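I've put the structures underneath this note.
What follows is a pair of complexes built around subunit A, which joins subunit B in one and subunit C in the other.
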Partner chain A sequence: MINYIIRRLLLVPVLLFGVTILIFGMLQLLEPDERVSLYIRGDPKSDAQVNAFIKKYCLDCPFYIQYKNWLLGTVDSVTGEREGGILYGNFGWSKTGSQPVAQLIARRFPNTLDLTLWAVGPVIFVGIWLGVQAAVHHNGIIDQIARIFSIVGTSFPTFVFGLLVLMIFYANLQWFPPGRLSDEFTRVVNSDQFTRYTTLLTIDALLNGRFDIFLDALRHMFLPILTLSYISWATFLRVTRGSMLETLRQEYVVTARAKGLPERDVIHKHAKPNAMLPVVTLAGFTVVGLMGGVIITETVFNYPGIGSAAAEASVQLDVVTVLGFALFNGLILIVANLVVDILYAVVDPRVRLS
Partner chain B sequence: MTTVTPSGNNELLGEAVAMRKIGRLERFLGPDNYRIVQGLFKTPAAIMGTVLIVFFIFIALAAPVLAPPLGDPYTIPRDGFKAEPKPMGAEWRSKQPPLPFWWKAVTGKEEWVHIFGTAQGQYDIYYGVIWGTRTAFRAGLTVVISTVLIGVIIGAVAAYYGGIVDNILMRIVDVLYVLPGLMATLILAAVLTPLYGRTTLPVMISLIAFGWLGYARIIRADILSVKQRDFILAARVIGVPDSRILFRHIIPNAIFPTLVLASLGIGDVVLSFAALSFLGIGVEVGYADWGQVLAFARNWITSLNTYWYLIVWPGVTLVLFVLGWNLVGDALRDVLDPRLRGKV
Partner chain C sequence: MPDTILDVQGLETVFKTPDGTIHAVNGVSFNLKEGETLGVVGESGCGKSVTMLSVLGLIPNPPGKVIAGSAKFAGRDLLKMSNDEIRQVRGAQISMIFQDPMTSLNPVLTIGRQLEEPLMLHLGMSKKQASERAAELLSMVGIPNAKERLKDYPHQYSGGMRQRVMIAMALSCSPQILIADEPTTALDVTIQAQIMDLVKRLRQELGMAVIWITHDLGVVAGLAQRVIVMYGGFIIEEAQVHELYANPTHPYTIGLLGSLPRLDAKERTRLYSIEGLPPVLYQKPNACPFAPRCKWAMERCWKENPALEPVAPEHRVACWVDTKTGRPRS
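Moving on, here comes the complex of A and B:
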């Protein structure tokens, strides 16, 4: 076990180095004057100033010097302040957001996390339940419906599905609006009466005792959650069904049946725990994916998370901002994948030995 | 079609083999590959998928007849500049493109109309859907062919040489896999757009840059198994050079499953292309592309109950296209399953 964890940990620096090189490489595709916003706040005023900055931050130096500066930043000789340096959390200045990229991420990330929190249940557990039902009633009606559902589900692009549910539930029925919160509540949330304990809106609303705000936030999150669920159910259904079918064919399941155990116990106590192994990995990656921001779903429903922020910035070709998001996303994913892999090794001893 | 009946000395075996006639196609492709082709026509779902794909190929080929272009064929013609979408069947007022010859025969009308209505800015939705099919095939084929080539070469080199080469190449794949597909494509496209302008190029390059990873892994695994077979050892023993063994003996024997999977990847590529286009990355506004046409609906979300045709027609087209590839893909994956289990 320790051996496996060490081997897995050794991969982390490789991945970190690789991802920073990848993103740094993309930055190098920009002209030096566009990269100035990695180091300074706001827009430079004149060409002379831009040239001065290029010289000061060595933006036309060989790439390894630039890479070092990009990682560690440079220390101003007059003020002694550190400028730039992603390792110090300085991801540069977002022109489209008119604020530091790190601040933009800090502002948007709680919304994405809030959505993840509420989406995990429906996205994962319903999909697994459907998969188990399909496998237990193999080739029965439920199985056939589930299979059709799964293939149609994977063919339905997120944005088409999103627009369709907006058409039905918002334009026609007016039940679930897009966005984050109704206007009257946005004012309350931004005022002094509302304390941001955790920055997660739904949790804060409960802590402030504002049940109406809590419900309003959920109402706005309903359609994104529905879309995310629908899209991932197809995958969960397929994986769970396949794994469950394989497990049900194993000899120990036959033994359990031969002993005369009730079918409910055979399925839920004997077969299901073992069939869940591949599903655990999938669930891990799904949660990580949600945390990294779901670009299209957030954009379609105008939900202010990090996915939609990245999309907005890239539409306006604000590359420094986009790459800041990519870097943040990459860091989350590396750490989270590590956790998922180790947890998986804890659950399934076979992984450790391979 | 002539058939060949193999004769065996062993009576039992001969009897068993003679039961089945072997066609010319099967001889040509070999039993494994023949089974894969058969999979295309096995189940109702697979047949439906094949029919859908053929239908879209027809639309792409017949695009100039179905919707005659006015000037550049990949620019959706506009009927004025008003923001408000026009309903289905509204008459074409200004800058009317040439009338297709079948229009009068089918409808008996002299006037060309907006069959699917117009989107914001009076872009003709029908035209966008028809010519968008060509864009879909162009982007899909270019990306899939390039990704397979890159994937096969890198996967083959990694598997054949093994050791440190394999290790470095596969770590590169790991790194590129860290960012989720859409995010990676999105950022690279944003970086490349200033260099290449608002064309299909930035998005296609980004899709290629992050698309070959999966193929490299699959072909690597396939080659690792082919590499162990006796005929490769035999080739090595008689001193055939490395490159010849790799390109003439190993790859032809390992590539077919990858090729099949790749050709089905067109559905996914078109989906990503449309998604990026929908977000507003890549081609210019008004380019004949399904994602673009769908993006027109984004400003009319509050009144989609009136303007439902903004999303329904391009949406249904995109879904059917992807569904076609997925249905065939599903059938083929069942056929391929024993060889591909655990590799995809």
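Moving on, here comes the complex of A and C:
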């Protein structure tokens, strides 16, 4: 197991190199004057200034020098300050956000993470549960309903479903508003009485003992979570059901029954662990998808996460910001892949011990 | 005369498929005496396995269904038991081992865990007791260093060793009947012999009855006291093992024995085989199911399906023809 984890960890630098090369390559497609934002804050005022910056940051130099500068940044000879350098957390200046890209991510990411935290349970575990039920009652009523639900779910566009629930639950019933928090609580949260321990709003609200703020935050997240769940359930249901049906046909399931085990144990202790491998992969990608920001859902519900920020930047062709998000997403993907690989080993001894 | 412990009467099992209903077992009756080894012989798809799975209620439903018959075990009908009742019988009083040891153990659970399960379930042992007993069982079936090997997973065992584990698991609760469904088919010949010896030895030590399903008549000769031959979901011949080899009476049995390779055969003689394929029955036949492949077949064989009739003491055959003379049986 330790060997296995070490081998996976050794792969991480390689993946990191790959991701940076990819993002850097895309940045090279920009004109040198557009890449100035990677090093300076704000907008340059004149063409002369732009040309001075191009010279200073070597933006027309060979690509390997630019790659080095992009990774490590350059040190200003006068002020001694480091400018640029993604390894120092400087992803460039976001024109659309009017702040450094890293700061924009730091501001928006907790919201996305908060949403992920509360969506993972309903999205993944309920999806798996539904899939197992459908497989166990193969061709029964539960299975038929699940299949119809799954087909509708995969073919229903997110924005249509999102707008529909917004119409019903916000416009008509006024139960679940869009956005992040009600105005009265936003003022409290931004004041000194509220300490941001973790920057995750729901967790902070609990830590501050403000149960009312916690509930209000959840109320605002309900519709995005419902939308995400509905779409993901369809996928989880299909994958889990298929994998589970395949497993239930295996000989060792007959062995388990022949031993006299109750059907409950046959399904949950013998069949389910074997059926989980493809589901673990899917769950990994789903979590990465959630953490990388769910662009359409966040936009429809005006939720200030990383996805809606990326959408705003894209619309205004703010490439530096978009690629900053892409880099951040790449990092998340690498970590998530590592976690999925380790989970594989936990689930399947053949992976662990080979 | 030892007592009968399993008495199956008129068992019928069907499978519903999109192409129609397949009649897999068509009124099979047989019994099993205490401590006896019964061989069940026939080609693939003749209903051997389905018969035994039906008796234990292990036919997946849907698509399979037992539609008639009874299976009396210890005075009770297994086929009429509730799920919970038959669970108490499975693995505890009647155990089963399967053809392919590579796929019949769960790959994600340790051998120890899989061995302990029936002990804890049927004998009410604690985890610790079960673990000790599991180690004993593993050494009983000849796996060295048993205590250590309990922690291993199936993929760390060879095929022969996995079948030994299956046997240990099946015997863990001292069942009265062991049903072995072609347990040596997937193993190579030396391992086959070892597994057969192991089952023989354990049968004597534990005094259980064994039903050994196989398509290999050689295996049956060395193991069983009595043999039933199945074809198309029917029992077509039943006899003591010596009687069957000395006096095979049904054309199918004769064909089966004739297709065994012989050591004393001349070089370059062609191995005999029965022409044609076993039938897939979409209807219960009203002719002898073997007639299309039978060289003795006569008019009556195409009109009526013969019942099992005695031809000698403890020797019963379902055939209209007296294969010794080639004339209709009187």
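Heads up, the rule we're going with is that the second predicted complex is superposed on the first by the 336 of 354 C-alpha atoms of A that agree within 3 Å, B and C clash if a C-alpha of one lies under 4 Å from a C-alpha of the other, contacts with A are read in each partner's own complex, and residues count from 1 in each chain.
The definition used in the following text is that contacts are C-beta pairs under 8 Å (C-beta built on N, C-alpha and C of every residue); 3 or more make two chains touch, one makes a residue touch a chain.
What you see is a predicted model; the values in this text were computed from it and never measured.
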| item | value |
| --- | --- |
| Side-by-side fit of subunit B and subunit C on subunit A, or clash | fit |
| Subunit A residues touched - subunit C or subunit B, whichever exceeds | B |
| Contacts of A:P273 with subunit B and subunit C, given as first, second, both or neither | second |
| Contacts of A:L166 with subunit B and subunit C, given as first, second, both or neither | first |
| First, second, both or neither for A:G324, with subunit B first and subunit C second | neither |
| Contacts of A:L261 with subunit B and subunit C, given as first, second, both or neither | second |
| Partner chain in contact with A:D348 - subunit B first, subunit C second, else both or neither | second |
| Touching partner for A:F156 - first (subunit B), second (subunit C), both, neither | first |
| Contacts of A:A310 with subunit B and subunit C, given as first, second, both or neither | first |
| Subunit C versus subunit B - closest C-alpha approach in the superposed model, Å | 8 |
| Complex contacts: residues of subunit A adjacent to subunit B | 11, 14-15, 18-19, 21-22, 26, 29-30, 151-152, 154-160, 163-164, 166-167, 170-172, 178, 289, 292-293, 295-296, 299-300, 310-311, 313-315, 317-319, 322-323, 325-326, 329-330, 333-334, 337 |
| Touch list for subunit A against partner subunit C, complex | 139, 250-252, 254-263, 269-270, 273-274, 347-350, 353 |
| Residues of subunit B that touch subunit A when the two form their complex | 45, 171-172, 174-176, 178-180, 182-184, 186-195, 267, 271, 274-275, 278-281, 291, 294, 297-298, 301-305, 308, 311, 315, 318-319, 322-323, 326-327, 330 |
| Of subunit C, residues touching subunit A in the complex | 53, 56, 58, 62, 83, 87-92, 95-96, 98, 100, 103-110, 117-118, 121-122, 153, 155-156, 166, 169 |
